[in-house]
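Data first, discussion second: the structure below is written as structure tokens.
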Amino acid sequence: MQYFWLIPVISFIAFIITSLIGNKILKQAWIFPMLAIVLGLGIYCFGLTEYLQSRFDLEHCFRSSVTGMVGCNYSVEWFTAGVRGADSVNSFLGFTVDPLSLSVAGLAIFVALMVQIYSIGYMKDDPRFAWYYSVQALFISSMILLALSDNFLLLYVAWELVGLCSYLLIGFWYEKPEAKEAAKKAFTVTRLGDVGLLIGILLIWIEVGSFNMSDLFTQVGSGEIASWTIFSISGLLFLGAMGKSAQFPFHVWLPDAMEGPTPVSALIHAATMVAAGVYLVARAYPLFVQSEAMMIIVSCVGLITAIGAALICCVSVDLKRALAYSTISHLGLMMLSLGAFGYTAAILHLLAHGFSKALLFLGSGNIMHSIDDLNINRMGGLKSVLPATTILFCIGALSLAGIPLLSGFWSKDEVIVSIVHNRNIVFAISSMVLVFLSGFYMIRLIIVPFFGSPNRDYSHAHKLPFVMLAPMGVLAVVVVLFGWIALYMPGAPASFGTFLFYSHPKNFHLEPDIAIITLVITLLSFGFGYLIYVKRFSIFQNMRIKARLIIEIVENKYYIDELYQILVDKLVLPAAGLVALFDRILVNDVGINGPGYVTRTVGSIIRHHITGRIYVYLALMTTGMIVLGIIWLGIVIL
Amino acid sequence: MVGDSDSLMNELYNIMAFVLIALPLMAALVFMVLPNLTSKSYWLLSSIISVITFGISVFLFMSYDTLTGGTQFSFTVPWLDQGINISFGLGLTGISASMVLLNGIVLLGACLISGDIEKRGRDFYVLLLTLGGGVFGVFLSSDLFFFFLFYELAVLPMYLLIAVWGSSTDFGSFTRSKEYGAMKLMMVLVAASVLIWVGIIAIFVETYLHGTPTFAFEELRRLSENGLFSVEFQNWVFLCFMIGFGVLSGLWPFHTWSPDGHVAAPTGVSMLHAGVLMKLGAFGIIQIGIVILPLGAQTWMPLLMVLGIVNVIYGAVSAMSQTDLKYIIGYSSVSHMGYVLIGAATLNSIGISGAVLQMFSHGIMTALMFVLVGAIYHRAHTRDIYVLNGLIKTMPHICVLFIIAGFASLGLPGLSGFIAEFLIFLGVIKISFWIAALAVLGAALTAVYILRLIARTIVGPVDSSLSDLPDANIYEKIVSVALASVLVAVGVWPALLLDSINVGVATIMSAL
Amino acid sequence: MLELIHFNILSVLLFSVGLYGVLARKSAILIIMAIELMLNAVNINFIAAAAFNHGNGLFTNFDGHILTIFIITIAAAEVGLALALILRIFRNKATVNVDSFDIMKL
Amino acid sequence: MHLILFSIISTVLLVCAVGVVISRNIVHSALFLLFALISVAGIYLVLLTEFLAIVQLLIYGGAIVIVILFALMLTRNEEYPRIQNNKLWPIAGVLAVLVCITMSVSYFQSGAIQNVPNTIAPAGVKSLGSSLFTTWAIPFELASLVLLVALIGAIVIARSDKDGN
């Protein structure tokens, strides 16, 4: 485990090598990042085994009294600023290995490996192939760093670096105006959230005197910190999490982020980076649970995001954007779960969603690769053209819809259980609505593009190379099997509930009544979707016309983007223009040039006494003499 | 014989600080009496000189012993000692070590990049070297009199450098001629230095009246610790220093000389202007104001902090709506120098070390930006961001480095700006939560205008008129890559600089 | 009885007349003449002061006379130089009108 | 007796001086100047300073007026009769009157002339000479140097530059 630091470092080296010499070995530029990640996976597997098999008597490892989990910490000093010993700040490059970081790092490494293999096929004709791989390597490096870091400063560093990679990859095709605008939007919006995160970290330092997470948790646990402070710190951290995990009202950047290459969407904007917000909340969970108000806020934000995004997903016609809204919705669900004390459930859902959504995005990448179009209304009947993709896509979609035995089922069920148990009836009913909506949009995304009659000519569709299908197959296998780790398997070291937990281990157990209710709701939504999209019942068409206004609002994403645009165009930019004008007119022209102008004017007025004629000078001199004489006289007389 | 050569080395070692100042100034003198050579040969000669000064500054920085601390490489020659006690004193402190390194790097860069100067080459390099020597002098002086002398020596060449080799720009609704920029810069800075001079004279007179006339830092500091300067005295003298030095750091509302100066100045001069010259002010506040007048500092720091935060937000917001590349960077300098002022105003060791690190980091970063903007302007003959677009297609090298500099500017971790700003935030939040919150918000605003700049000019579809511009030449490549690597190195391993800065800050803190 | 104050007043009047001449006239040569008048006014003052400054008819101090001698000397030199200058200017400008000597203006 | 003589001479002096500054013809001015300077010599005689009276006659009356007349001749042109007062002449008059008043008042106000004897003593030429060549020897020699320099300067300036142009 003490070699975990090598994973980000190797990838970082791969980033440097690839960005330096990538263009010389253009088609083989994938080698170094791939090598790095395979090595990383090896180190990870080795460490994971070590962790699972150890009896936790290793050096550096101890059981946290707050979280109850065993964590292993390794750190070296990074820098010290200020007067050493008296008034200084010490920061460390440290990583922690505990079940949470192992889970998220594992997800990141695995999905990244699959996506990188996939990308060899998907990106092979791109002129910036090398650039793509080097940024990918940088992303993996920082994502692993994010998952492993044991202090908030390092976490923030990694947090910003993944944001940078997201920016670079969304804007990968930077000639496209949409791509560059989307990249700018993504970075700016998440950056606004990061303001909160950074202030939160500063507050933590003020309170605790260090950035170390376990120091903070110990102090929080011992009740030394005022509840108001806990509320504000967790609120500020949550702002950062909202930005990164695209929670309402910061969600606007994620759908636009689909301008990036599809494998990027699969890795960064579905499986790993956007989950960082959820990860942050889970990381700082000991802090959040101390503030009941904060937990309610987290649940509410999660719920609003989840329902709002799910509704948009139901009407979106762009396949990738629909998937993006589905991602937002699921991230909201994870937040909701965290807010409802469903810690383990949220993380399990994070993993299950990560695998499934990566699979779905890669599926949409296949479609993009074959027919170069993403509008689902222009597809239809793809199952005959892309049979393998259809099956893989269905596995992912059904998993997220919550069909039993697929991984999404287990995690979703756990989430619903914790919501029903820990939150009131409004949340419970809303989560059922959410189950219905997610079932409905998933079946829509299956039926409309893949089944039914073809809406276009597929004769020019590209064949899919094996290198793209193989990683999807592996992912699909994981999606099918992964959920079972939720249960205790004989022979396995632990179930997920005893592996990753907050305060005390808790085995998963299926609650039959809730499971049956959700299953029924899901099947109902499938039936509903079948009636609308396959049978095309006229009653729904009429409904569509009747509810035109509502649908229009949803289709326009509640006009939130427009609202922001107006805010920026009509408020921020004019204000900035006003300040610039103020600077030029008032501060410069009046404040700085003003005295100069006055001096010059006065000078040019009084310089008229300089006539160049001697007698004028003499007259002035005489006047001066007379004045002096009078003054002297005055002094003498008085 | 061994002993002799040892003592010679020792001798040389001891006067290293003097050599660093004297070399560029002597070279400037020699250039003046040299027969007329071509501009290229003057460029070559001054590049060699600046390589040597760079070497010496690296040597000084590396040899600064952080365990011993204090003032090292002291070198004192009495100059006027009858009752006035002015001595030519030099010395290297923990803070000036990194500043000297900064000037060494930027001066070298500015020399290398100015190879395309054709008009009156000799005069240009004479002035450039004078400027560089003056800046070294300011950082190394340990006597107020010579501090001020070098300060003026550093400021004055700026006027000619901008007025003769600068460029005038028409912005449609208003124009900025090079003469205007130079005149404004000069007027504002000279007016500010009057304030500084008043403060210095006041300090001297105060010591004179107490029978211990001196200009030397160490002596003044000792007198100050013994309570020579009353609170009222410190209050008004520190105000003089704060405004006088503050103006040079772009203190709001006396900042407009800086963006206009940038717009008018040629590339190499812009680098020195934003990279080094603006640091002199903050250096003065930290190294002189706080140390000699600690009580005055405590009185005025709340005001300085508020003005600093105004600088940060105001500069960032102004930069948002600018359309000229140099204006954007000029206002971003105003914004970033605001962080330095805030950091100095915290009066705690973390904030001050952050401020010094920010001075270094901003110096390198903004020098890099001006190299690149100069290169773009040189090729495209415009700096209007509505005209420039998609440059990365034609100038990948320049643009990639520009993006790195931009991200350093917006405080991306891994580049030096982040650590510096973060330390300043830490220092500030110990004083006031809301100021810290505004400061962090300012960093987010930086992201807005930097990303806008990148989106407008660097990426996007390329215009046909810009599609056949050449990429950076070899000197621009060397300079920009070197500057960028400094940014990365300091960002990844800030202890490189922080070790010596901490020592310097410890000295300052002991005065408070 | 003749007193010092009479000479002083004479000197003041002569000086004022000379001053008027210097300030009011256009001809450079006339200005020089007026200056001579002013110098003479000063001389009268000096001599008068010296003549009344004695102890019982015995001079102890010749400063007034000496200064007058110097002033006369300098006046001679000044006139010579000034007229040379005027000649020079006249050669260049063909006039001695001081209104046309305004190149000192910016 | 002295008073009457003084009154006559000073009246002549002032009339001539006014003639110098208001005469329209510059040659008349020069002649008025000559008479004025001779009157000054008379004043000196009233003050019993005959040596200076002679010097005054020789240098002023003899040398300076002649030089001025030479200059007039050399700079003769048709504008002489037209040379008028300049635009400032009323101000000049006011200033002259003001100076006159201020200085007169100062004389009456200052205590410096209160304690002087009201008799005039003759200045012996012998003692004047010995004072000039002992106490004032160095200034005297310097004055000759000044004269020499002025002489050379006048020649250099006034000489027509044949080689220059």
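Each chain gets a letter, A, B, C and D, in the order it is written, and its residues are counted from 1.
Note that a contact is a pair of C-beta atoms (placed from the backbone, for glycine too) under 8 Å apart; a residue touches a chain by one contact, two chains touch by 3 or more.
Not measured: the values here are computed from a predicted model.
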* **Pair sharing more residue contacts (C-beta pairs) when A-D is set against C-D** => C-D
* Chain whose averaged C-alpha position falls nearest the assembly-wide average -> B
* To do: Just give me the whole-number Å value for how far the CA centre of chain A lies from that of chain D.
  => 100
* How many angstrom between the C-alpha centroids of chain C and chain B? -> 62
* **Separation of mean Cα positions, chain D and chain B [Å, integer]** => 67
* Asked: Between chain C and chain D, what's the gap in Å when you average each chain's C-alpha atoms?
  -> 5
* Asked: Listing for chain C: what residues touch at least two other chains?
  -> 19, 23-24, 98-99
* To do: Would you mind listing the residues of chain A that make contact with two or more other chains?
  => 613, 615, 619, 622
* **Residues of chain B touching at least two other chains** => none
* Asked: Using the touch rule from the top of the page, what pairs of chains touch, sorted by label?
  -> A-B, A-C, A-D, C-D
* Quick one: which bits of chain C touch chain A in the complex? Just the residue numbers, please. => 19, 22-24, 31, 98-99, 101-106
* Enumerate the contact residues on chain D facing chain A in the complex. => 86, 88, 91-92, 95, 98-99, 102-103, 105-106, 109-110
* Structure fact -> Residue set of chain D touching chain C in the complex reads 2-3, 6, 10, 13-14, 17-18, 20-21, 26, 29-30, 33, 36-37, 40, 43-44, 46-49, 51-52, 55-56, 59-60, 63-64, 67-68, 70-72, 74-75, 77, 79-80, 83-86, 88-89, 91-93, 95-97, 99-100, 103-104, 107-108, 113, 116-121, 123-124, 127-128, 131-132, 136, 139, 143, 146-147, 149-151, 153-155, 157-158, 160
* Structure fact -> Within their complex, chain A touches chain D through residues 613, 615-616, 619, 622-623, 625-626, 629-630, 632-633, 636-637
* Asked: In their shared complex, at which residues does chain A touch chain B?
  -> 78-84, 86-89, 153, 156-158, 160-161, 164, 171, 174-175, 177, 180-181, 183-184, 187-188, 191-192, 194-195, 198-199, 202-203, 205-206, 572-573, 575-577, 579-580, 583-584, 587-588, 591-593, 596
